[in-house]
Amino acid sequence: MTDYKMRPVEGTIHFDGAQATKGFNFNKMCFSFNNEDARQAFLADPEAYMEKFKLSEEFKQALRDKDLNKLLELGGSIYYMAKLAGIFGWNMQVIGGMQSGRTTEEFQAYLDSQGRGKTTNG
Amino acid sequence: MTDYKMRPVEGTIHFDGAQATKGFNFNKMCFSFNNEDARQAFLADPEAYMEKFKLSEEFKQALRDKDLNKLLELGGSIYYMAKLAGIFGWNMQVIGGMQSGRTTEEFQAYLDSQGRGKTTNG
Amino acid sequence: MAKIIGGITTSHIPAIGVAIDKGLEDTPYYRDLFAIYPPIREWLNEEKPDIAVLFYNDHGLEMWLDKKPTFAIGCAPEYENADEGWGIKPIPPVTGETELSWHIVNHLIENDFDPTVCQDIKVDHGATVPMTLLWPNHTYQGIKVIPVSINCERHPMPKPSRSYAFGKAIGDAIRCWEKDAKVVVLGTGGLSHQLDGPRAGILNGDFDNYCMDKLVSDPQELCKFSNVDLIEKGGAQMVELAMWLAMRGALGEGIPEERLRNYVSPISNTGVGVQLLIPKD
Amino acid sequence: MAKIIGGITTSHIPAIGVAIDKGLEDTPYYRDLFAIYPPIREWLNEEKPDIAVLFYNDHGLEMWLDKKPTFAIGCAPEYENADEGWGIKPIPPVTGETELSWHIVNHLIENDFDPTVCQDIKVDHGATVPMTLLWPNHTYQGIKVIPVSINCERHPMPKPSRSYAFGKAIGDAIRCWEKDAKVVVLGTGGLSHQLDGPRAGILNGDFDNYCMDKLVSDPQELCKFSNVDLIEKGGAQMVELAMWLAMRGALGEGIPEERLRNYVSPISNTGVGVQLLIPKD
C-alpha cells in the first residue's frame, strides 16, 4: 500500500486533489478574470459576482479581507488567485509581502538578501 | 525508425492526425450541433452556418450533396457527423446504407445476415 | 480496505437508451438483449456496491478535438449529461466520489500514467446508457460513479495493451484505498461494429465471442492486437474493446468466474455483448 | 531526417515580458539578465532552426481544472494567446507545425505515454515570453512552434523522472521524423521560486546552479527528486524544473556541450537561469 499524502512543507499548502475539490468554485471565479468584462463586473459588484459563483461565506469573507493565506487554506490555487492582482493592482512582491507578513519593501529586501551576489554570467 | 502509417483497411478511412487536421472546421461545426439552437440556425440557413465555420467549398458541396463518404474523405469524424442525424432525421441504419451504397432495408438485411442466429444467452 | 466485487461489460449504444425510453424492451427485436439485465440487476441488488468505476468513451459531447485526452478521469462531485444532437433524453446527474477519484489519480501519476484530470465534465451516452441499464428508474442515483474515459475516436488511440495496463493500475489503486467500500467496475461499448464509410455495417460474432472468452481466461492474448487488427476483425468501432480491457485489468491477474454472458447481434449496427465477471479473492 | 541542434532553458516569468514591453532591458535591475539573450539570438541567427519544440506550463489560461492534462501537446496550425488578467500584452499568434506534432503524438502513444492532444488551444506567457525573448520584434513568426505543456499547478504532477522520460520520447520522435528540419528544444520556467503562502519569496541560488550543473552532466540525479523534494529545496514553483528535464531528455543520452549559462536572482520573485546546450552528434 502506498501513502499518497504529500510530505508537509512549512509555510506551504500543497494544492492537491483535496484542496482543488474544496476550492473549485473560487478558482472557477478567478479563472473567469481572464476576461476584462468579468473583472469589471466583479469590481462593480463583488458580492453579486461571488454569489454567482456560489462561493461559501468563508471564501467570501476571506476575499473581502484580502486574506490570501486564508484563501489558499480554503482551496485557492495561486495560479488563479494571481488574476486578482490585475483587479487590485498588486504585483508579485505585493502579494509576496501580504502572504509572508512583510511590507512590500521588506519582501523585496528578503528576496534581495537571498539572491543578489549569486549572479553567474557568460 | 518506426513507421506510423496505419495499415489500410478497405472501405475504411482511419480518422488520424492528418484527417483531423483537414477536417477540423467541419468537425467543429458538427460539434456545435450538440446545441438545439445551433441545429435550428443551421436548418434555417445552411450556407450562412457553413460559412461561419469557414468550411471549404469542397466540404460545403459534400454536405449539400449529403455525401457522407466524401465528408469522411475530407476529414470528417463519424462521431461529430453522427450529429447530422438529428438534423436530417437519419438513424444509424440510414447512415449505414448511405455510406455502403444500400437502401436502408438492404443495409438492415446485411446486418441481419451477419448477426442473427449467433445469439448466446444465459 | 476497498474491494472490487465484480466487473460488468455492456454495450452503451444509444439505440438501447432509446428502446428503454420508448418501453421496447419486450419487443422481438430487443427481447433477447434485455433478458440479461434482470439477473445482473439482481446480483447488484444483492451485492450492493457503493461505487462504480465506469470506463467509457466520449462520442463528441465533452472531449472535443480542441483538447482530446487519451485517458481522462472524473474527480467531480457530480456529472451532468446533455443533449448530444440526435435525441437521447438527458437524465438527472450521476453522483461522483471525489476521494477515491483523487486516490486513483495519485496512484496513476505515481505509476507513470498521464491522465487528464476532470473536475467539471459532462458525460455522454457512453456513461449514461450503462447506468440506466444497470440501475433503472433513476436508482443509479444511489451509487457513486467515477467515469473514466478512453479516446476511441481519433487515432492514435491507446494500444489495447496500454488500456489494459491503465485498468490494472486503477484496480491496484482501488484495492489499496483505505476506506471500506464495495466497488464494481464497468467496461462499456463494443463489440464489433463500424459506423463509418463503405464498410459500415460489418459485424463479427465469432470474433466477439472469442474476445469474451479471452477476456475471462487470457486477456494478454487480446493485448497483442493493435487497434488496426481490431478494426480489420470487428470494424472501426471494435476499438471500444479498450474499455473492456481496462475493466478486466482492474479485476487483477487471476482468472475471474464468468457468472453471466449474453451476446445478441445486431442491435442497431452492433454486436452487443454483456458479461458479469466475479474476481477470485 | 530531422535533427535537434540545441536546447535552450529560460525563465518565462511575466515580469520579463513586461520589462521588454516597457523597454527596461538596460536598467540596473534587468541588465545582467538581458545580457545573455543577444549571444543566444546570435546562435539562433546562425543556426536558423526551422522548428521550436517548446515545453511550458499553463498558468490558468487554457488548462483549467475542469479538464487538466498531465501532458498536452499542440497539433494546431496556429496558437493564439490572450489576456491573462494582469496586464501582459497579447502578441500575434505563433505558427504551428502540425505534421511533426502528429508524428510526435504517434510516437508517444506507441511508447505508452498518454498525452492530451490539442488542435485548438491558446498559449499563455509560459510560451509567449520565451518566444519574445529569443525571437524579438515579432521575428518569432518566422519559426514554427510545437507547444508542449506539463501540469505544474495541481498535485499530483508528473514525477521529474516522468517528465524527463516524456522529453526523451519526444526527442526520439523528432530524430526519426523523415523530413529534413533543424529543431531547437526549449525548456522554460523555473528555477527556485515560491509565489504562494507564508513561505513566499524563498530562493535557492546554490540549488539552482546545482540543477543547471546536473542538467548538463547527469540529469538522472535530478530525476531522483520527488516534486516535494523540489518544493523543499527551491519553493513551490521549483517544480517547473519539469520543463528543463523534458528539454534535456529530448537532447538524448550523451552529455551536451554547455555553450552558455546565465543566472540572476532575484528577478521578480524568481531565480532566473538560462542555458544553451548543444547535443553531441
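Note that the chains take the letters A, B, C and D in the order they are written out, and that residue 1 is the start of every chain.
Here, contacts are C-beta pairs under 8 Å (C-beta built on N, C-alpha and C of every residue); 3 or more make two chains touch, one makes a residue touch a chain.
Chain by chain, the UniProt names read as follows: A, B = Protocatechuate 4,5-dioxygenase alpha chain; C, D = Protocatechuate 4,5-dioxygenase beta chain.
Every value quoted in this text rests on a predicted model; they were computed, and no experiment measured them.
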Sort out for me whether B-C or A-C is joined by the greater number of C-beta contact pairs.
-> B-C
Taking each chain's centre as the mean of its CA atoms, chain C sits from chain D at a distance in Å of 37
Whole-Å gap between the CA centroids of chain A and chain C | 39
The distance between the C-alpha centres of chain A and chain B, rounded to whole Å, is 46
Round to the nearest whole Å and give the separation of the Cα centres of chain B and chain C.
-> 24
So which bits of chain D are touching at least two other chains?
-> 65, 105-106, 110, 119-120, 154, 156
Listing for chain B: what residues touch at least two other chains?
-> 4, 16-17, 20, 24, 28
Category of the chain touch graph - line, ring, star, complete, other = other
Which pairs of chains touch, using the document's own definition | A-C, A-D, B-C, B-D, C-D
Enumerate the contact residues on chain C facing chain A in the complex.
-> 75, 77, 98, 101-103, 105-107, 110, 119-120, 176, 178
So, in the complex, the side of chain A touching chain D is made of residues 4, 6-7, 9-17, 20, 24, 27-28, 30-31, 33-36, 39, 68-69, 72, 77-83, 85-87, 91-93, 95-96, 99-101, 107, 110-112, 114-116, 118-122
What residues of chain A sit close enough to touch chain C in their complex?
-> 1-2, 4, 16-18, 20-21, 24, 28
Mind listing the chain C positions that touch chain D in their complex?
-> 62-63, 65-72, 105-106, 109-110, 112-121, 154, 156-159, 162, 165-166
If you look only at chain D, which of its residues touch chain A in the complex?
-> 15, 32, 35-36, 59-61, 64-65, 82-87, 153-156, 194-206, 209, 228, 231-232, 236, 260-266, 268-269, 271
